[in-house]
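Structures for review follow.
In the two assemblies presented below, chain A is common to both, partnered first by chain B and then by chain C.
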Partner chain A sequence: MAFGLRWAGSGVFLATEIRVQLHEWLAIVTGTLTPGALLIFVAILAPDLLPVTLVGGLVYSMFLIGQRVLNEAAYIRIDHKLNELYHASPLSPEGYFVGIAGGMLVAYLPPSLVLLVILEWLHPLSLVAALALVGCLLAVWAVSSAIGYVVSTLFKDMKTIWPYSALLTNLFGILPPVFYPLRLVPMEWRALVLVVPTSAAAALVNAAAGLETLTRGETILAAGALALEAFVLFIFGIYWARRMARER
Partner chain B sequence: MSQEALHAGDVRKVYRSRGGPAIEALRGVSLALRRGERVSLLGRNGAGKTTFLRIASTLLIPTSGTIRVFDFDVVGEPEKVRPLIAVVPQEGKPFFHLTPREQVYCYLRARGIPREAAKARTEESLTKMGLEEVADRLSVTLSGGQKQRAMVATVMATEAPLLFLDEPTIGLDPFARRAVWDVLRDLTRKGSTVLLTTHYLDEAEALSERLYIVEEGRVLFEGRAEDAKRQIGGTLRVSIENGGPHRDLFESFGQTVAEGTSLNVITGPERIHEIMDLAFRNRLSATVGPVTLEEAFLTIVGRSIDEE
Partner chain C sequence: MATQVRLESQPQRGRVLPAWALIGWRWVWRSPAAAIVPLLQPFFFLYFLHMIAPPEYFPLQVAGAMLFSTQNIGSWCLSDSAVFRIELRLQDIFVASPHDKLRYLFGVAFSNLIPAIPALIVLGVILARVANVSLTGWAVLIGCILIIWVLYSAIGIAVSSRLRSQREVWPVGNLIFTLLGILSPLYYPLGILPPIWREAAQLLPATYAAVLVQGALGLVGSANLALDAALLILSTAVGLAAAWWLYEWRER
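Showing the complex of A and B:
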């Protein structure tokens, strides 16, 4: 019960969420469509950028998982009122939040593994690069899940939420250098994009895989920002879940 | 442990919104439920029933007042209250991409009920709610009534000591409603306490051992349905068609209540002949029947339960 956190039932709720998502297997498969489409363009127009795009695809897919948390949490709260069923039960609010976030991660991970297999085929990763990839992807998941969950609680209507989901995805997944290399970003903008969690993750993995060059300062900035954002936002997500379990 | 499953004292709730007026949803509600009782909160839409239920089930913080569930404070000790309660939310729906069997089982497991017990209770609950035939179909393919039954089955299966049901039979056909009533009776026989909100008068009458009539955030009546009927000053109702304009003729016979185009006179058997005679002399048709909870509600609240 560190910090008063209670996790009883969260594993079962996570498994429930996985089960819900697996019944919607088409949504899981279509999750790979955006990175897949971009890969085709890149393979035709600039095949040398394929490994960078694949890393970007993995980061983007992980960010999308958080956006699925947004949609799922909003849907079961607004449309189904299932949050009330679970909040008025021994399952803790933190277990509820982590259950949704973890359920989405497990359910939507397999399509990302396809990208990983292609990456490993085109550009085998060293152990350090593989560890950097796993760490960075988990950090992106933590950031995106927390943002997704918090945003999901701010609205009373699904239709209002959809544009925000699209906005966040584009703001974090398309605009910054996730699918394209950091070297294309002007020097004066680099510090800024390295504190954006998605582009920081992509830059760090690319650097670890030898696809990008980062200075020591840039590496520290990107790694520090990503770790801090993941930790702070995930803790905030837990705090917010506890707060939202009871309306004021 | 206290003999009371729930005790509420002077509960008030004011909703404040930016730019809008403050809405006083509860204005000092006090009520108590003994263990094993079935109690209804009866009221029109917007009377404050759901707000009370949400506060009692730890989902909403009151502006003032206290609610204790099995002696635990719902505001200060929610983590102690939650294992003791289960809630059917108003307009709640099961996970569309789970089957009713998965829905009930997963919920029980998340509440910490061991695997075998959860399996047994799932089957029992689905059977009681008449969902065996659709137990393995995704809920998205079920009818509205079947979805509602799946929600009720989910909560019933918990056998929690205190169950809150917010309009649990909305959208159910008469047979399914009776199935819910039977399950609720069965649960209270086993020791659970049930607090439900409804605006179905027949449901409140058939199911509740006591009822609270709530209007504009206040409790206007507390007692049995029979007491409510008795309180209005008669056992019979003479319903006079198009009697509204003649109200003054009948006011001396007892309480008069307008209902649609009819005028209802609540009276005792000794005055029936006089009223009927007067009605016929004025060329008005009239029928006699026993006083219903609806009349009692109309008299206590001053408006029909369906009036917005």
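Showing the complex of A and C:
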């Protein structure tokens, strides 16, 4: 396989996906419900953790975009059989993958902006923290979109996909310290959770915002792991999109 | 082509319930994630709450997780009946068969209870270890679980009958069942909610189930069990009537 990337049709497909997703306003609204529920739990049971939970909500929302990629790619392929048409068209496989992922990112950004406004109100971010937030959220989007797309191609019916989607969001979003601070995790587990993309992103943003303390080694571990995972998985997503196109 | 069939001449009784149980079991057997996720889902939430909440709420949260898991069956019923109707076109066959609307509703609910049972059993074992539960407490808990199962399954199937595309399943199911799950005080006492929220929560049957269970298990201070039970039955009856009204058995 040639390593050069082909982007034919990417812009048009991205615009199509944004338009399709913006019509799914109910899905956009309901995507905020789980972070909303956890925020409410925290507001009632441990209000002092709210800023950390808001950062977690932003990270989780980005991870959820990947799960929407999973659903959308599966829906296009299984229900509508549209991807065969796409692959037969001048649209490149790279453009197909990045178009879905990018369309989801744009469409699902508004609820995240609401969370960001609340975070700014409760705990204003410095320039460094804001930059860390943007960088980490983009890395989580890259990781999650690639996982979502690859997983979507492994199944033959929509019903089988839903449990895996739920499992992934829980394993990456609820279990590791995304909605709760890293300091509540036992010391011997800290290195492990810092290589999980979602908890690494949350820990880095929290540290940059002064909500959490990370040692230099932990910062390097979290930032290195997140950057590597984002790069490798996104490239793998593109490779997988090409492979799927070639098979058809 | 429509064919007139004298349904009364067809067998009206049969092993419908075991057949639906088999559907539930086959689903678990064929898709390991389908078995694992319902089992793990309440524990993810419990783990999160264990990290952030005062430890004295833990028994209450375990009981709440049992009700939450039961409530979630409604969401699975929603997705299952949508797949049966929209993708597999199975509901048309059921409509044409002697299998009536009520048995179909109950069958889908029963088949979705099967994957939830392991989680409920494990949570029950945890509850027995962290709280001293009397026989009455267990009876109240099981009764509330059965009521919530029937009600939320009916809501899920009724809402599902109005969906036109599988694409709507995830957002609509998530919206209804997450909202209902958040609004009802399953994981904390009703008393710690802000006043407006508390009043909104009191419109939901799961709130009375939670309050009744918390009272029967002695997990909250004072409780008027008879009143809570009456309100649970009343709100459930209203919810079932609404679901029956919403439910569309034959497509127009």
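To be clear about the criterion, the second predicted complex is superposed on the first by the 244 of 248 C-alpha atoms of A that agree within 3 Å, B and C clash if a C-alpha of one lies under 4 Å from a C-alpha of the other, contacts with A are read in each partner's own complex, and residues count from 1 in each chain.
By our rule, a contact is a pair of C-beta atoms (placed from the backbone, for glycine too) under 8 Å apart; a residue touches a chain by one contact, two chains touch by 3 or more.
These numbers were taken from a predicted model, which means no experiment stands behind them.
Student: Determine, under the contact definition given at the top, whether A:Glu24 touches first (chain B), second (chain C), both, or neither.
Tutor: both
Student: Have a look at where A:His87 lands relative to chain B and chain C in the superposition and call it first, second, both or neither.
Tutor: It touches chain B, and chain C stays clear.
Student: Pick one for A:Arg183: touches chain B only (first), chain C only (second), both, or neither.
Tutor: In the superposed model, A:Arg183 contacts neither chain B nor chain C.
Student: Quick check on the superposed pair: does A:Ala15 touch chain B, chain C, both, or neither? Answer first, second, both or neither.
Tutor: A:Ala15: touches chain B, not chain C.
Student: Answer with first, second, both or neither: which of chain B and chain C does A:Asp79 touch in the superposed model?
Tutor: both
Student: Is A:Arg6 touching anything from chain B or chain C once the two structures are fitted on A? First, second, both or neither.
Tutor: A:Arg6 sits against chain B, while chain C stays out of touch.
Student: Considering only the contact definition stated at the top, list the common interface residues of chain A for chain B and chain C.
Tutor: Touching chain B in the first complex and chain C in the second, residues 24, 79 of chain A appear in both lists.
Student: What residues on chain A touch chain C, complex-wise?
Tutor: Result: residues 24, 26-27, 29-31, 33-34, 36-38, 40-42, 44-46, 49, 71, 75, 79, 157-160, 162-164, 166-167, 170, 174-175, 179-180, 184 of chain A touch chain C.
Student: For chain A, which residues count as touching chain B in their complex?
Tutor: 6, 8-9, 12-13, 15-16, 19-21, 23-24, 76, 79-82, 84-92, 245-248
Student: Would you tell me which residues of chain C are touching chain A in their complex?
Tutor: Its residues touching chain A are 31, 33-34, 36-38, 40-41, 44-45, 47-49, 51-54, 57, 79-80, 83, 87, 166-168, 170-172, 174-175, 178-179, 181-182, 187-188, 192-193.
Student: Which residues of chain B touch chain A in the complex?
Tutor: 54, 57-61, 78-79, 82-83, 85-98, 102, 106-107, 109-112, 138, 151, 154-155, 158, 164
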